[in-house]
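Here come two complexes built around chain A, the first alongside chain B, the second alongside chain C.
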Partner chain A sequence: MDFARSLALTAPEILISVSGLVLLMVAAWGGDKASRRISIASVAVLTACAFLTAPTLWGQAMGPDVSAFGGQHRADAFAAFAKLLIYASAGVTLIIAQPFFDKAKAMRAEFPLLVLFASLGMGMMVSAGDLLALYIGLELNSLASYVLASSLRNNERSAESGLKYFVLGSLASGILLFGMSLTYGFTGTTSFAGINAALSGGLPTGATFGLIFMLAGLAFKISAAPFHMWTPDVYEGAPTPVTTFFATASKVSALGLLMRVSFEAFGSQTQAWQQVVIFMALLSIVIGALGAIGQNNIKRLMAYSSINNVGFILIGLATATRAGASAMLVYIAIYVAMSVAGFVAVLLLRDENGEQVEAISDLAGLSKTRPWIALAMASVMFSLAGIPPLFGFWGKFVVFQAAVQADMIALAAIGIAASVIGAFYYLKVVKVMYFDEAADVVKGTGETSHTVLLVLSTLAISPLGYLGTKCLGTLADYATAALIPVG
Partner chain B sequence: MTGFPILSLMLLVPLVAAVACLVVPREQARSVALIATLIDFVLGVILWANYDIGGAQWQFTESAALFAGFSWKLGIDGIALLLIALTVFLMPVCIGASWTSIDKREGEYYAAFLVMETLMIGVFAAQDLFLFYIMFEAGLIPMYLIIGVWGGADRIYASYKFFLYTLLGSVLMLIAMFWMVNEAGTTDIPTLMAYNFPVEAQTWLWLAFFASFAVKMPMWPVHTWLPDAHVQAPTGGSVILAGVLLKMGGYGFIRFSLPMFPEASAQFAPLVFFMSMAAVVITSLIALVQTDMKKLIAYSSVAHMAIVTVGLFAFNQQGLEGSMLIMLSHGLVAGALFLSVGVIYDRLHTREIARYGGLSINMPYYAVFFLLFTMASIGLPGTSGFVGEFLSLIGIYQISSWVALICTTGIILGAAYMLYLYRRVAYGEQKNADAAAMPDLDKREWAMMIPLAAVVLWMGVYPESFIAPMRKDIAALDARLAQAKPKGDAQPTAGQGTSGKPMAAHNSGHSAAHNAAPEGAH
Partner chain C sequence: MHEVPTWVKWAPFAVMATGLLIAWYAYIKNTKFPAAFVEQFGFLYKFLLNKWYFDELYHYVFVVPAMWLGRVFWKVVDQGIIDRFGPNGAASVVALGSRAAAKLQSGYLYSYALVMLVGLVGAISWVIAQ
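Take a look at the complex of A and B:
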């Protein structure tokens, strides 16, 4: 009975695993010719999972009723919020990847499967209620991601990016594992609830080390400074659809995991991690902003921008309040929309040979040659810079409001002042597109599916997005309620 | 008219037209823009005609809880009414000024202008703190594009400077707003205007708001973005920048800094006076040596805005009314002066003063209008400039005769640089053949100059029309400020030295605020 209930609660994960294995067989027999069908099937699986997950969020699922397998897996509203974003991002990745790899003549049947397994791992990460479940989910996701990064096999940059990601990612996993073993050693349990209970009396020095090492390992996964160094290289080298996947789904899952660990496992010792998070937040904002200024590759710029944005998201975590956690979720959702719009716009930029245009200087005068793409791109840039009335402002708004409510005014003031540095490089992209003479490099035409996705995501980050603030805020509050129980 | 959402309609019309401008053929964009701005002007006239002078403080109110955390809440008092009227009056003129001079990417240009109009009206009409902030900040994007795409040679530097300066100023204000909303528990501006914030907190809040408004205003020494932005912007951009955008700073002081933080305003008044005195003298002297017409007028704007700030911080009815009138008058006059520069710039494509000369011979009508606006800028009685400056200086004289003395030199220096400009452009010999061959005003230019000249004279001869709508609101603000009002040095005080007096008054203001705080909490 209990086992059946556990199975029911993990239905989305089981569905992805089983269909992933079945599709693997299809790939083995059908070969690369079947890749298109496998992609479509994978998107269908993800959609089905989203429908399976959504009621959990609506229903504000929380508490012991929704933990499966003895607390290892938690199918609560928080996990549902993160999973919906993950499935959506993975679906977008699959939709944009097919035409991209077809053009490069490098579509392989494994690609959609790897995305599927990575999503499975991500779903397990955000549902984790135990250090072991956490680690299994994380590794399942990471190993699939390393391969995805190098999926353009004949491209040196792609191979390099995969290798870099693998070496540094393994190091981070090692650090995380070390932190986990210290935590286990000093608390005698691997379950989040158990750790929390064990630490409620005080934090032994060894557990502090465990906490710091775990934070360091997770900081690597969310690419927060000072563990951000891999991000620009991997984002630049990986094929653009994969970069989209890293910037959206990977970010959501790693941040969700960080929230789980911080609030559930170490929820009784918030002051122990708050300082570390404040430090990482401010450093990420500044390094992300300063690092981006010198970049001439749009994907590298987006990588630094993601470091910068993670800094803002961490300000929400630094407050260690419910409002802060809810603000983080809102910010993450908006960030996913901005990233999708940004990278899809990049995908649409092709020169006359159909090659990807990535140099910012080649975007010169884009507003004359491709006015609508330029408009979408400019919206993304202003939105990332957090200038109202674009929707990116709302993310910053809720995060900083939470910080002020938590009486962390100095943090909020420094963080928001540093965001002005960031505005500089976003403006630079707009300047190149709108003020400079046309370079006339962008020639090719884009896919319909890309255009549709670009229109949808740009509408989401346009001022129209504000009409969704109520809905988004309510859902984020549901998710937060599951993460941090009232009282 | 009650219940009809006229303010929302005024916001919607330019927004819809902006989208239309992007899709219609480029030759028709300007007509769409002109029609939209004229419709908004008519709506503005209807708004004024239906405004009940002496009636409720907030009229035409609308409220809809559309968003999380803040709401769509509009409403105007007399002060906002006048500034909205200024906006809708100047917009058709701006479109007219751009009619022939903008010859690339017209659709985007007019769309940016119309979005600006929506946002400017939104700033003045917003009754929700965060709605105000969004409107206030969003104006950066279209203005950045207007300067950067259609501006002059050094436009890129100017556009960055404009954007980053104003952004840095505003983000700190946002943090202060969060704190205020957290403390007072509401985002409603009228409620916040009556809320008594703790005096110690007011200091910080005031400084955060000041960072934003001082840059927008702009006050010395953070004014340096203005000459660059003005000079590089196209004529229409300069008109709207000088005419309306600068008024957002002054409006911010009237709507936020003064009523919400009266004690802090009194505490920082000496700082404001110092910055304003410095601005009046320094920027006037800088204006005197300019060789570029637009730069000269830009510096004169800084000097005029300094008199606005001293009037605002005079804490009395004359000073506040005077400041409002200067803002309105400066909006018209600076706009008209930039337009006058634009008229000859369109013909000769240079702003160098030395390239012109003797224009009164070949462009007599132009010279008449230019003279009128020059005189209005100097503050000649009978023109709009006089009334406001006179009232402001009377207001400040009651507080500090020294500040009044130094600020009055601005009038003299103003006369110097404006007359010097006029002499070099309109009088003297026609030493440049191409300038001498320029034709006089055409019909379009007449159509822009006449309304501006008429309103400038109207405001100068019968300012009551403009004072009446705001009298009650200014009186309410004055009453609100009474608790913190510093004593002036110009009052006859029997047998006492004047030094240290404002300080004592300031301290008593603090204690008054402490006493008043519990009442305000109800």
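Take a look at the complex of A and C:
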């Protein structure tokens, strides 16, 4: 494994780093006036990275041939699947952020750069083959995210959300680091493969502590209950494009990392983490559903909905089977499309002064005043609730199918029962939009780019999405094959 | 076919004829007779007037228990048990849970951190206890 090969395998990361540094110079000289050009350049960089990554997924890359720098970095099909979702989400974030911040007159040249560096960190997270690579990727992503959350500097809620995210994120990082040092102490290695080999004989109590602490630290990132408390506040306070970024790219990367740690580092001790994952999955589903009831802020509602959906995704992990892992990836991909559609629809809601409308009660009668936005929003809600004609159903279906195949019928049954509670608040939004007296608050017109993204993402979660199930399933299977080798 | 004794065939006629005779006597010949009969045999008269008390018998033997049973199934089983632990109970548990979740979501960092740490300790205790 020579150095040139390692560099070739990390090409997307190198491209983002180098162009990020160059654009940083542009930002330093050009100032905030250059922000639009930097955004466009960043989207171009992300697109280029996606093209660099795609062949890895199509080529079903796996095994020792694709591990770079002595196993620190893995450029396999699994990483590629996650990276494509991350780059797409980051690109969407940049596209919707520009008009949003322009309207608020708060566009800064560093915003696209922070998104770029956060994506770099996320790419490293899902490619990590070693605890240290994991931690560096995670922190690179987190530090950029803390700043992104508070990027509307004059807005009190945005600043508050950034601070909350930072303090609790530091606590989670501390827990994660503690778990990593315990794991290292009891196994004598930081590489995932080494940990797996060292634990194949049995799990010492100390390593169990390490495992649980690491799971807790990662659960914070995916906002799984009981480590979800930051989510509603941060999702509500952060600027909506940033919330979109957190709900899509951040989730994908942290879930990818969680899968890597669970299957690659602790793959020989599945029983140890299965219990904890089941616990977190059920708690997330229930808390996500219960917390959302009574919320009047649509972004807060989406935050609870994300907690709820993470619970369903974790059911796939709880099975600890290939089918479960593949189902998780399918669900994550669909969830990204649903989140993009949901948040872009929220972005289009502006009152006559051009301020964002976030109260659900203000959406009353939206079907009469803005029928297309209402239709898109209703599709998102039905899809999140997993009601059959929409694509969200497919994600839930594959996850529950994997759970039933793994003989976890009780888990699947509780999950399905709790999703009924969730349906209540999704349907409430639809009811307010379609059956209540028009509040006539939503006045403003949206940007063309927002409308285009909304149409695309709504089409993806509409019944048309089922045309892509075969392709999506195949790609998820390629990715899973790289994560959990046969035999 | 149906072989019945001849007296059975004649019996309805005899009863009819007796009735006719009594009716003719009581309502045409001696119109005071019914009042006298009622005075003499009050009990028998009431018994016949109330159709052998069959309605009352039915009421107490069938209707009242059926009503009671129905009320038990309606008030106790349906409303008290099925509704309470079924739809209404589930709804109130959900409402209670959502209030509790809202209460926990106080907006203060220390309570968020506390929940995280409690969750961590809970998870560890659970796995170690296994």
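Just so we're on the same page, the second predicted complex is superposed on the first by the 486 of 487 C-alpha atoms of A that agree within 3 Å, B and C clash if a C-alpha of one lies under 4 Å from a C-alpha of the other, contacts with A are read in each partner's own complex, and residues count from 1 in each chain.
One rule holds for everything that comes next: contacts are C-beta pairs under 8 Å (C-beta built on N, C-alpha and C of every residue); 3 or more make two chains touch, one makes a residue touch a chain.
Since the structure is predicted, the reported quantities are computational estimates derived from the model, not experimental observations.
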{"item": "First, second, both or neither for A:423, with chain B first and chain C second", "value": "first"}
{"item": "First (chain B), second (chain C), both or neither touched by A:44", "value": "neither"}
{"item": "First (chain B), second (chain C), both or neither touched by A:412", "value": "first"}
{"item": "Partner chain in contact with A:382 - chain B first, chain C second, else both or neither", "value": "first"}
{"item": "Contacts of A:431 with chain B and chain C, given as first, second, both or neither", "value": "first"}
{"item": "Touching partner for A:220 - first (chain B), second (chain C), both, neither", "value": "second"}
{"item": "Chain B versus chain C as contact partner of A:466, first or second or both or neither", "value": "first"}
{"item": "Touched partner set for A:272, first chain B, second chain C, both or neither", "value": "second"}
{"item": "Contacts of A:164 with chain B and chain C, given as first, second, both or neither", "value": "second"}
{"item": "Doubly contacted residues of chain A, that is, touched by chain B and again by chain C", "value": "424"}
{"item": "Residues of chain A defined as touching chain B within the complex", "value": "367-368, 371, 382, 387-389, 393, 397-398, 400-401, 404-405, 409, 412-413, 416-417, 419-420, 423-424, 427, 430-431, 434-435, 466-467, 469-470, 472-474"}
{"item": "Sites on chain A touched by chain C in the complex", "value": "164, 167-168, 171-172, 175, 205, 208-209, 212-213, 215-216, 220, 225-227, 229-230, 232-233, 272, 275-276, 279-280, 286-287, 290-291, 293-294, 421, 424"}
{"item": "Chain B residues within the chain A interface of the complex", "value": "66-69, 105, 108, 130, 133-135, 137-138, 140-141, 144-145, 148-149, 155-156, 159-160, 163-164, 167-168, 171-172, 174-175, 178-179, 181-182"}
{"item": "Contact set on chain C toward chain A in their complex", "value": "94-95, 97-102, 104-105, 107, 109, 111-113, 115-116, 118-120, 122-124, 126-128, 130"}
